[in-house]
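For clarity, chains are labelled A, B, C, D, E and F in written order, and residue numbers in each chain start from 1.
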Amino acid sequence: MTKLIEYEEATDEVRAVYDDIRATRQTDYINNFWKALANHPPTLQRTWQAIKEVMAGPGELDPLVRELIYIAVSVTNNCNYCISSHSAAARAKGMNDAMFGELMAIIGTANMTNSLANGYKIPVDEQFNQV
Amino acid sequence: MTKLIEYEEATDEVRAVYDDIRATRQTDYINNFWKALANHPPTLQRTWQAIKEVMAGPGELDPLVRELIYIAVSVTNNCNYCISSHSAAARAKGMNDAMFGELMAIIGTANMTNSLANGYKIPVDEQFNQV
Amino acid sequence: MTKLIEYEEATDEVRAVYDDIRATRQTDYINNFWKALANHPPTLQRTWQAIKEVMAGPGELDPLVRELIYIAVSVTNNCNYCISSHSAAARAKGMNDAMFGELMAIIGTANMTNSLANGYKIPVDEQFNQV
Amino acid sequence: MTKLIEYEEATDEVRAVYDDIRATRQTDYINNFWKALANHPPTLQRTWQAIKEVMAGPGELDPLVRELIYIAVSVTNNCNYCISSHSAAARAKGMNDAMFGELMAIIGTANMTNSLANGYKIPVDEQFNQV
Amino acid sequence: MTKLIEYEEATDEVRAVYDDIRATRQTDYINNFWKALANHPPTLQRTWQAIKEVMAGPGELDPLVRELIYIAVSVTNNCNYCISSHSAAARAKGMNDAMFGELMAIIGTANMTNSLANGYKIPVDEQFNQV
Amino acid sequence: MTKLIEYEEATDEVRAVYDDIRATRQTDYINNFWKALANHPPTLQRTWQAIKEVMAGPGELDPLVRELIYIAVSVTNNCNYCISSHSAAARAKGMNDAMFGELMAIIGTANMTNSLANGYKIPVDEQFNQV
């Protein structure tokens, strides 16, 4: 089991990231993901920077839509932590039960058709490659 | 290579599905996926029914958002046909270059953090299980 | 691209495996998989030994059933070479179009329900753990 | 954790599916998978319909063979719930310890050769594409 | 749950493998993986033989490097048992916290770029195919 | 197919990354991966920064070892572009045929044992969790 590094025992380098997580998310809570990554500070910094830009930075995609995409990847990879934490984030951003149900229906259907496309070795339609 | 079954050579059962695809999508074009599935009519029917309900039926998620979720699954599975066809569908529903760039950024980041969460064997925060 | 090693240029060690493949399969044809693995003879030997025992050795599972299971893994992994070669092997052992259609239907459905089970984080029923 | 919806608290729509599961399987037991899917009734209906047709409908593949294929997908995806429930189903349909051992041997070998085929980037033999 | 077969109740065939594991690894401890595989002795023998040759046999790759490669596969597959056992093996062979941190950083980055390469459907540079 | 953005048509922002790639790698060649990512400059910058730090920055792991780990992830994901480009990079850093053969043997074996561990649902040995 990876040691979870608390704020009190963290180096200044790690504390700076924790402080930025708190300020960006407007909550004192630091979830286990970051406490585990703090075992390797460069990975903590780089990963937080990526998440901050991609999930909370400016862009055309709505914050809730970003979380739904994140969940789709996490379910397909069967990453339990990621499904749990991003489902919580999506709920905090407005996902209701009906939306979660629709999301799961799409993910399940996509995984079904993905295997059918691979198994039947279907050639890509010419027009789909022109986009 | 799977034989692609054209409308002219299809059975009535298969033609009925092709007709419904054309009516639902308001285009004469039947893409290779359905022509391949027509080799096993029950799979053609069931899969089209699922896609029609999940991707084009009523619901809280916007049609474009549904396509973005679909692409997220397909990229994670590395299903080339699925990435191609659903990227084309997403573009037809309004996805521009900036949105595709953001989508890929989220998918890439999610795959990165998924492996970090798994590799560090991070325990799920209690509060994420209460959602 | 990996060099494909032909019988004529192979070492005695590699030829011995090729000879055994020919004798076991009762055909002169050595497919590309073995010609590629011949670049690392210990892997060629070990892999052929495993395939021979598992796919052609004595056991309770019918040879055709074994191929269907192999295809299920290969489609789920999206290994194009493996889908191609084992679909050919399954056809040689009696798989007809209807069986291939049913096989794909099961694989697609299983991939769909796998993501639903993971996404909904469904707890295993107690009685399923007693088996 | 997803709420598991019991028969007593279910809507008529959900109860109809539960009743059909009970009648088809000739058991009163509704496993957690269906109780979780009941949170989104359209997904419950569509998924049960697919499973019923694919796993219990008429066809050339034996019911036990269908379960073995299902397990092969589930092990490759590492879906713990799916491995558990379909191993139980396979045992109920006649899978003994030797068969499970052979099944796992094939799945393990296929996952090994799948990575070898991908890693060596082996070109598909022309004759395998003619099937 | 798979029954774990202890030395005392094992057949001579299984005991011979357990004895070889103990001699090769210079420890009395037989880990659960082998005790589970002992339910199907041919799989136990073949798998141990492969692991012994590949992980402990002569070769150009350092034993610790082999473990790092093993962990990379296991994290990408999200195989919890495999991550746990091979992280322990890597630590026994000299992996320190910094090395594990770097390893995870590479695995995470590789999973990110893998999805970007697939999603953007990037054509392989000609010179990379000449290697 | 994604448009590949050449230096001549690139914005200053993209050119700065291309210049840094050239300086870091001491070659004029910009491979297709970066030319594709240039369609979304923030992803280009972030991904190059991560690759530069993780693959070329200071650390305890040898540059060649880092490439072997990268290949292990890419083979397991079946990312053809990634296998191709990182195999070329590994060869440039000293990987010979024997090492590639051993690498593939480990990756194949790990994928085999990963499925065996998942399929048999083997409980993690207590001592492996103390590491």
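By definition in this document, a contact is a pair of C-beta atoms (placed from the backbone, for glycine too) under 8 Å apart; a residue touches a chain by one contact, two chains touch by 3 or more.
From a predicted model like this one, the values you see are computed outputs, not experimental measurements.
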{"item": "Third chains touching both subunit D and subunit A", "value": "B, C, E, F"}
{"item": "Centroid-based (C-alpha) most distant chain relative to subunit D", "value": "F"}
{"item": "Chain whose mean Cα position lies farthest from subunit C", "value": "A"}
{"item": "A-F or E-F - the one linked by more C-beta pairs in contact", "value": "E-F"}
{"item": "Computed distance of Cα centres, subunit D from subunit B, in Å", "value": "21"}
{"item": "Averaged-CA centre spacing for the pair subunit E and subunit B, given as whole angstrom", "value": "34"}
{"item": "Sequence positions of subunit A contacting 2 or more other chains", "value": "1, 39, 42-43, 46-47, 50, 53, 73, 75-80, 84, 98, 102, 104-105, 107-109, 111-116, 118, 120-121, 129"}
{"item": "Overall pattern in which the protein chains touch one another (line/ring/star/complete/other)", "value": "complete"}
{"item": "Residues of subunit B defined as touching subunit E within the complex", "value": "71, 75-76, 78, 80, 83-84, 103-104, 107-109, 111-116, 118-121"}
{"item": "Sites on subunit F touched by subunit E in the complex", "value": "1-2, 29, 31-33, 36-37, 39, 43, 47, 50-51, 53-55, 59-61, 65-66, 68-70, 72-77, 79-82, 84-85, 87-88, 91, 96, 98-99, 102-103, 105-107, 109-114, 116-118, 120-125, 127-129, 131"}
{"item": "Interfacial residue positions of subunit C with respect to subunit E in the complex", "value": "1, 42, 46, 49-50, 53, 57, 129-130"}
{"item": "Residues of subunit C that touch subunit F when the two form their complex", "value": "39-40, 42-43, 46-47, 73, 77-79"}
{"item": "Residue ranges of subunit E touching subunit A (in the complex, touch as defined)", "value": "78, 97-98, 100-102, 104-105, 108, 115"}
